[in-house]
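Dropping the structures in below, format is structure tokens.
Shared between the two complexes below is subunit A, which pairs with subunit B and subunit C, respectively.
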Partner chain A sequence: MKESKITKYYPLIPVCATYLALFIIGESVPGMWQLVAMLAFYCAIGQAFNIFLGMTGYVDFGYVAFMGVGAYGMALSVERLHMVEGIGMGVVFLGLLLAVVLATLLSLAVGAVALRLRGAYFAIATIGVNEGFRYLIEGAKLWGGSEGIVFYGQLAKALGSETASQVSTFWADVFVFLIAFMAACITIVYMRSKIGYALTALREDEDAAKVMGINVTKYKIIAFITSASVAGLIGAAGWALKLTNVFPPQVFEIHYTVECIIIVLLGGAGTLLGPPVGALVYGLAKYWLSVIIPGFQLFIFAPIILVVIVVFPEGIMGLVKKRWRGTGLGKFIE
Partner chain B sequence: MLKLNDVTKRFGGLIAVNRVSLEIKRGEFVGIVGPNGSGKTTLFNVISGVYYPDGGKVLFEDRDISFFPPYKRAPLGIGRTFQIPRPFGSATVRENVAVGAMFGTMRDKVGVDESMVIADEVIERVGLQEHRNKPAGTLTPVEKKLTEIARALAMKPKLLLMDEAMAGMHPNDIDQMVSLVKTLAKEQNIAVVAMVEHIMRAVVGMAEKVIVLHQGAKIVDAPTQKALRDPKVIEVYLGHPLER
Partner chain C sequence: MFGIQLAGNLLQGLVLGAVYGMATMGLSLIFGVLKVVNVGHGAFMMVGAFVALWVFNGLGLSPIWAIPAAFVLGMALGFIFFHTSMKRLIKAPELASLLATFALGILLEETVKLIYGADFHGYNWIVGKVSMGITVMPMSKIYAFVGSILIALILYFWFTKTRGGTALTCVVEDSEGARVCGINVGRAYALSFSLGIGLTVASGVLLTMFIPVGISPYMGGVYTLKAFVIAVLGGLGSPYGAFFGGLIFGLLENGSYSLFALIPGLEPFAMTRFFSFLILLLILLIKPTGLLGTK
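What follows is the complex of A and B.
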């Protein structure tokens, strides 16, 4: 019954195909790129958030703060380093690196305090993180304070104005695609390793997991930091680099955390294909609703979420996975 | 192998375990008996690390583990099952049992694939092969109990703590499970400490030694037949004999 090395990773195929299809549609159909970029962004945040929410069962309401500091990482890198001789695209990659570093540091700080709490208490403790960080930046006049950082000029200086606009209108979205795919790869590697089993165990019963020899704190922190650093990358590429500006009220907005939760729950928490499926359903529905009845999309989403939680708490892919378990298609679904 | 020296555990003013000393040897089968509230579960929790003792020491293979967290005790060889089975519900039986192998005494030697192999072996031994790929949450209570026992055995423990393992089961199932656990433990030289509240049948069936707790203190520690005839035990369970 030993699974071979490669079949274990078959569930990546549908995920990869989804991203590829999205990318091709965006590239070839005129006028679709913005919609596709939005969907890719939702896929990426869903996939990143799933590493923590899906695998541990903990809900982090302050999650958007990691994306926020990631966006600041990119902005700071471009703002401070653009004049370095011959830096070129290096400034963007340093920005991504700084985003990961900042998100990791913040997640360590938050995790060290909040991960001692369980369940609802953890969720409550994290609610304030994004607001707190926003007011810290605004109040302490840190990193430009409430005026934020606008860095298109600096980016243009480092890259040349033509490349700069290419980077912000096209490559930033491509980065988001790559980050989403990377998050999917990390997810399946975790799932197939001891980390995944430890996380499943602690999600189901933390005390029993401890007695089975699982250092639950260690594994929770691994999932938390991984998820946060991917969020940092998304903030850096999907927000800062794309918009070439960062404003505190815009990046520390709890609304995005809620969208993450909706996407993950709708698609199927703890599944690999769930976040992209949830992201597509949510993203397209939101887009469509904003066209036919503008302003009502959130009003309609609340009952949808209620229905999901009551009728199929495992999410779309959770249901599919259950149905297809043991069939030929089962090995492509996780 | 396992030694408790004067272990005490208090909850506020209540002394749940009062200066209990005992010794469990390799491969021994010991029953811990006592009425409701006599401190059995607390004692188990002190041994497995859910609580730390307020006084005294817990020694395992001559090492003081009194303040080791539970996840450090499991790799030393202390496995446990719960009073109400607590399998990881969404995971399959096979995955449940494999978790035991992955994080038990073999943790540094086995990867995920080897753990699955160990899990399959243990599942076969306890007779759950038909349910191997079912989520553990969908099993019947008896199957859940077997899954828990399999999970603990996959840890390759030296000591297995069974918390009220037989409560609420049909006598036929009890007999089967008792003989199964006994055979498996003997084969692998695992010491078993089984906690029993009511079902003396299970104790008589398997334990070589019985330790009786009453109001947190150990009152009897003797071979099974002798212990069950001890006047103190009868008094604890049935009250004082009538004065004439």
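What follows is the complex of A and C.
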């Protein structure tokens, strides 16, 4: 059956429904906004990371570095431009733009070296990116060095203190929702285009794909840069704008990369609905564990990761997709 | 004046480099045989550091006794982890084994945190100092240096002169060919994983003989990264290459520290970390088989 123009985008429906439901719950149930914002953040990073890891099968251990430079993009924009006359909300949008630019530049630099390498070598090349960038900022005393940037005052000056607090407590999270939605749209467009098919071929057998005449390097770079620039946006909105400060040891912490990997793997790498499902399961489990036994989340998560990898490496949606293939529900799942 | 300081720093770097090299042999051995990168490497070194702490503070013995204890514990951990998880992941995509070793690392960190808490610990082993003209070297560092070289030599002879060792070398060269020649490849995998983890945990003890403070459950991350740089310097998969890579890295790290300290406006300690990352990228870019690699 040939897919028509619209039906091939049906899998977006359950994803959007999930995001919308989350948003409505957060808006209407008092006291839920913080939890919902955290879940949206996990959805967004999972969805963004999936564009690269899920589609290519390459593990980028330095992924958090792109979120880190994104956070710096926002911080720098507010810190340096807040006194420009009449800039208002423009400072936030310029911050998002700068975040994308910085993340893209870093991903170009990293990709130029790392994407020439495969498998284990790729992972090794990327595992140091976040640490390397962190120590460059601290060592060369770049962008405030190890003191970081605290910019609530400047944000309040540009927007007025009432709007500034609105932006950091509410609009930052709304941006994260929008980014998560955008990442889902990018994922499905890629999946349904030449890029997706090329990357699937590459993931299954890179040498065979090359022999078939697929320019694997080109498609790897496209996926890498897309994934990185979305990460930059998430760093700018979900970290810098929300917390109104940036400190190098926090924004380059490798545990965020690991959280991305867990979410994608748990939900199902390379599926569209996987990251939101993984994010909800992981986020809620983490929240619940931190309430009942604070401080032991990682102690419990480590064996869970091992079990997932060994027993069902396709993740939740991978299993569901297999089970529902060909049924009426199948065309809503990707 | 600067020359003497630099020479002293380089000598310290050479001694530390031997420890670094020994600490990376396990990583390279595991990669060489199983083609698995142990991303939890530093966490295993951390376990060794705590063994040293326990032997010295708890039992009141010299940390030298902690080396065999840590080695045996490491072999046991390696054996258990191999048979519970790694065995099924050797033929799986990299994603699986990378994440599994990372998860093992987290599991170790959190387990040690349960026992010792997240604070920093240290011990104070006083065995005198030796003045070497350009620098003063505590005896404990010299013991660590000699210990590292001895372990590297034992491993070298084990690999080249014994049946088990040569069998492992064959598996590194060509696992299919080794299987055809009647080598039990499955057992070779189990042995090299246990041995690699054993060496890594033992190296944690040697590391604390060099730096006896700052022992904490999360101390390992830095050493994971350094070990990757060293392993790549020496050519991933070659344990002796890793040893020499360690020596080179120790010299580079301490030498660059002295140079960065000269430049005003820089934070030399952080810059050396950045520098080691640059070395990693440069080698991967120019010669991914390592400085000593031949392929």
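Heads up, the rule we're going with is that the second predicted complex is superposed on the first by the 334 of 334 C-alpha atoms of A that agree within 3 Å, B and C clash if a C-alpha of one lies under 4 Å from a C-alpha of the other, contacts with A are read in each partner's own complex, and residues count from 1 in each chain.
FYI, a residue touches a chain if its C-beta (ideal position, glycine included) is under 8 Å from a C-beta of that chain, and two chains touch if they have at least 3 such contacts.
The model shown is predicted, which means the values in this text are computed figures rather than measured ones.
When both complexes are overlaid on chain A, the residue A:31 reaches neither subunit B nor subunit C.
In the overlay built on the shared chain, the residue A:121 is in contact with subunit C alone; subunit B does not reach it.
Of the two partner chains, subunit B is the only one that A:198 touches; subunit C does not reach it.
When both complexes are overlaid on chain A, the residue A:325 reaches subunit B alone and has no touch with subunit C.
After overlaying the two complexes on the shared chain, residue contacts for A:141 are found with subunit C alone; subunit B is out of touch. In the superposed pair of complexes, A:215 makes contact with subunit B only, with no contact to subunit C. Which of subunit B and subunit C touches more residues of subunit A is settled by the count: it is C.
Residues of subunit A that lie in the contact sets of both subunit B and subunit C are absent, per the superposition on chain A. If you check the complex, the residues on subunit B that touch subunit A are 48-50, 69-71, 73-75, 80, 82, 86-91, 95, 98-100, 102-104, 107, 111-113, 116-117, 120, 133, 151, 155.
Within the complex, the subunit A residues that touch subunit C are 53, 57, 59, 61, 113-114, 116-117, 119-121, 123-125, 127-129, 131-132, 135-136, 138-141, 145-146, 254, 258, 261, 265, 269, 296, 298-299, 301-303, 305-306, 309-310, 313. Chain contact summary for the complex, subunit A toward subunit B: residues 1-3, 192-194, 197-198, 200-201, 203-205, 207-216, 270, 325-326.
Listed in rising order, the residues of subunit C touching subunit A in the complex are 31, 35-37, 39, 84-85, 88-89, 92-96, 98-100, 102-104, 106-107, 109-111, 113-114, 221, 224-225, 228-229, 231-232, 236, 260, 265-274, 277-278, 280-281, 284-285, 288.
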